[in-house]
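Next, two complexes with subunit A in common: one pairs it with subunit B, the other with subunit C.
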Partner chain A sequence: MRNSNYKFDWNVIEKYWPEILKGLIITIQISLVGMVFSILLGICLANGKLSTNLLIVRISTSITELFKSIPLFVLLFWIYYGFSLKFNFALTEFQAGALALGLTGGAYMAEVFRAGLLAVPIGQLEAAYAIGLSKMQSSILIIYPQAIRIIIPPMVNIYIGLLKGATIVSVIGVSDMIYVARYVSLETFAPFELYSLAGIIFISLTLSISGFVYFLERKLGRSKVDG
Partner chain B sequence: MNGTTESYIEIINLSKSFGSHKVLDNINLTVNRGEVVAIIGPSGSGKSTLLRCLNFLARSESGEIKFQNRSWSLNSEGKRYKGKKYEKTLSELRSDVGMVFQNFNVFPHKTAVQNVELGLIKVRKMTKNSAREIAIKKLEQVGLGDKINQYPDKLSGGQKQRIAIARALALEPKVMLFDEATSSLDPELVGGILEEIKRLANTGITMLVVTHEMGFAFQVAHRIVFMDSGKIVEVGTPDEIRNSQESRTRAFLSAIL
Partner chain C sequence: MTDNSKSFFEFEAVISSWEILLKGFAVAMFAATLATALAIILGLVVALMRLSTVAIYRWIAFAFTQFFRGVPLYVLLVWVYFGLAIAVNINLSAILAGVASLALLNAGYLSETFRSGILAIDSGQIEAGLALGMSKQDVFKEIVLPQAFRIIIPPMGNQYVDAIKDSAILSIIGVPELMRESQQLANLNYQPFEFYTCAGLLYLIAVALVSRGTNRLEKRFCTQGAQN
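Now for the complex of A and B:
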């Protein structure tokens, strides 16, 4: 791209936008599947960290720290190639990508869930017990609904991270937006235009999500959690 | 007070420690049906912990609690209750024992009426309609008839505490526990809540009231328990306690009154 003869050709966008759009849908799909997995894993790990059993606490903490520290890129290779080579258990590119996103996201979600659950005052649980609610009822009816107000804004921020992280899955051949951009630019010799388009789409996506979080924070902030 | 046929709550040799610190040291107390017992004493004397042991928000390490001659601490084989089966017993007990907390602990994500009807629906298994009917009635009784659909964050501390009282009363408890119910209130709101508790005391419900409001305790209670350092120093009628010869009781009362 240092070649000064590079000529901008914005027409490629007009020509290839349906392909780019298809890639975008794959990106969103894989990030959403990864997010669902993150939430489930996050809930399990958070409850594990808050357990009274020291062994469960240690295991949950170790898993959290492990997946927080493995680069997504490396995790992706381990899952996609490692699994199939070592265990003869082949995941599709999409499954491997979603799993890697889910494990990384889940580690971050665990922290967010734990903080959210701890932010609900202990008196709430005592009051729930005092009217005769069981542990399960108290969690579902009293603690979780209050924690979710605290959890949603950081949770959406984790999703933004996963959405951007999803661009990495192209390296194992998931035909996401970045994959399409690279593929098309090999044909058209217009990488700058195509990657810029991908960038602009990402920026507008994340900015709208951030705007939504801001709106949520203001709305949820009005009914504060207190005794 | 032992030996009366009316003995309703029996606390026998109850002890609890936090680490090496004995919060409750061999507590023995019997409460009769319909009796109002005020528990007074300096901060850290264990009075709140004693109250919390009664509905098992705090667990005693040794000793026993009996309600109407049935042990709530030990199962039929004399072992301490444990595990899943215990949870059902606990739920049953707790719904019969209403508790009002210092910090109100109303549920902020539920309206006043939802706060009150929750236990009726989930614990008493009532239908939504009949639960709501009772909840509204209870809120009217505590003077919140016009606030039933308000969320707690729109209400004053006194109003929140009224919701908490209505929430406890809705389950028709046999015993009410008040844990410093007025200590977090603005001074001008204390009187109203004390009035509410006094009115309740006159209905004949059995009550244990932990309080720093001495005037109130001496006026409302049938008996007063004075605690210090995890021990019951003295139990007596308000007159007996007021004229106590016990030096610790005298010191405490003269510092406060």
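Now for the complex of A and C:
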């Protein structure tokens, strides 16, 4: 290893941390919008997979497999540069990013919702019908409240995935944390310090969320629905 | 919708540059496969460290898993390639930086998989092995690992799929893999839709093949229950 000419200048962090923080807020925002979209898509796909209509089952399964298999990075480019140009569909960078996150997350969410709904014993549904609840009522009042306990921990894990996925939206020009770090490092020529800061912020964020999941799993596990 | 005199979708450019795309696809698969192979070795080492009786090994392994499971690939890649390499003045080739980052990240996940796979083996199995006079090492090699292997086939396959998908991110540091080539061709021909669709399809095929392979392996090795 040769002698390095690189001068470490940790003062840049002191100077630019508000910018980085602003970027972080955008990262969190886009991941949250993506998450809301994932949940909605996940519910639709999960119900589609559990449908009695074979065609709906096939379609939902294909959509799930499709978005689980295509890399988020490719999907992002496909939506932002490919799809929107081809069909003259003007999307902002933020919208394209949130959409890509939502589609990928939705596919994973579908599996989680499906498993959660199936984990509720069938006797619960039968009992709901027996006391005269409609199909809609028994889903909302009986099945979902029980399924949600099972769903929450894996759902938060998916959110961590989306948060990590949200770092790549800067490639289409969303001014998220990494984008800001890159931008500032061009100005200050201190990439190591800035990327280190971004990395540390990210790790502490994901670790605290996964610590929360661990806590939730123990807490919800105790009152797990069983046969 | 745009009104072109030519047909709406033009895949001629994609077809005529199939050679470049295929080469990019090969680079992507190479990077993902090499990274997964390295991750399996490293992951096993870390898993064993986590199960070690020496506290310091356990801590190091724990820190390793937490770190590499928490950091996104993009951040790691940028940090290694643009940050670390510049700071300590080493000439890191893009593919090396990419494969190393991908391997470290996957090793973090795989070590947890291996650990739970090893822990899932009934302790009676180990006791029985020891009672038969086998050495500790032999018990691990002949009894624990083969059984744990069956349990971890599906998650290992998933990890390989993730590595293939994540390899697309290597394009940002200039690894000439499928996504990088697609980006350049898309800009050159001004046909982003066609080229990105093609790239997506190729990833889809790769993932489908790996999933099918994993299923087949699982069926072959997991016919009997692995527990007890």
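Observations
Simple rule for what comes next: the second predicted complex is superposed on the first by the 223 of 227 C-alpha atoms of A that agree within 3 Å, B and C clash if a C-alpha of one lies under 4 Å from a C-alpha of the other, contacts with A are read in each partner's own complex, and residues count from 1 in each chain.
Everything that follows uses one rule, which is that contacts are C-beta pairs under 8 Å (C-beta built on N, C-alpha and C of every residue); 3 or more make two chains touch, one makes a residue touch a chain.
The structure presented is a predicted model; accordingly, all values stated were derived computationally and were not measured.
Superposition of the two structures on subunit A shows subunit C fitting alongside subunit B with no clash. In the superposition on chain A, A:142 contacts subunit B only, with no contact to subunit C. Touch criterion met: A:132 reaches subunit B, while subunit C stays clear of it.
A simple residue count on subunit A separates subunit B from subunit C, and the partner touching more is C.
Within the superposed three-chain model, A:81 lies in touch with subunit C and out of touch with subunit B [touch as defined at top].
Of the two partner chains, subunit B is the only one touched by A:124; subunit C is not. By the touch criterion defined above, A:192 lies against subunit C but remains apart from subunit B after alignment on the C-alpha atoms of chain A.
Legend: residue contacts after superposition of the two complexes on their common chain; A:73 is shown touching subunit C, with no touch to subunit B.
Remark: least CA distance from subunit B to subunit C after fitting both complexes onto chain A is 28 Å. The part of subunit A that touches subunit C in the complex is made up of residues 1-6, 8, 66, 68-75, 77-78, 81-83, 85-88, 163-165, 167-168, 170-171, 178, 181-182, 185, 191-192, 194-196, 198-199, 202-204, 206-207, 210.
Interface of subunit C with subunit A (complex): residues 1-2, 66-67, 69-76, 78-79, 82-84, 86-90, 161, 164-169, 171-172, 179, 182-183, 186, 192-197, 199-200, 203-204, 207-208. Listed in rising order, the residues of subunit B touching subunit A in the complex are 55, 57, 87-88, 90-92, 94-95, 97-99, 101, 103-109, 118-119, 122-123, 151, 153, 160, 164, 167-168, 171. Of all the residues in subunit A, the ones that touch subunit B in their complex are 121, 123-124, 126-135, 137, 141-142, 145-146, 149, 223-227.
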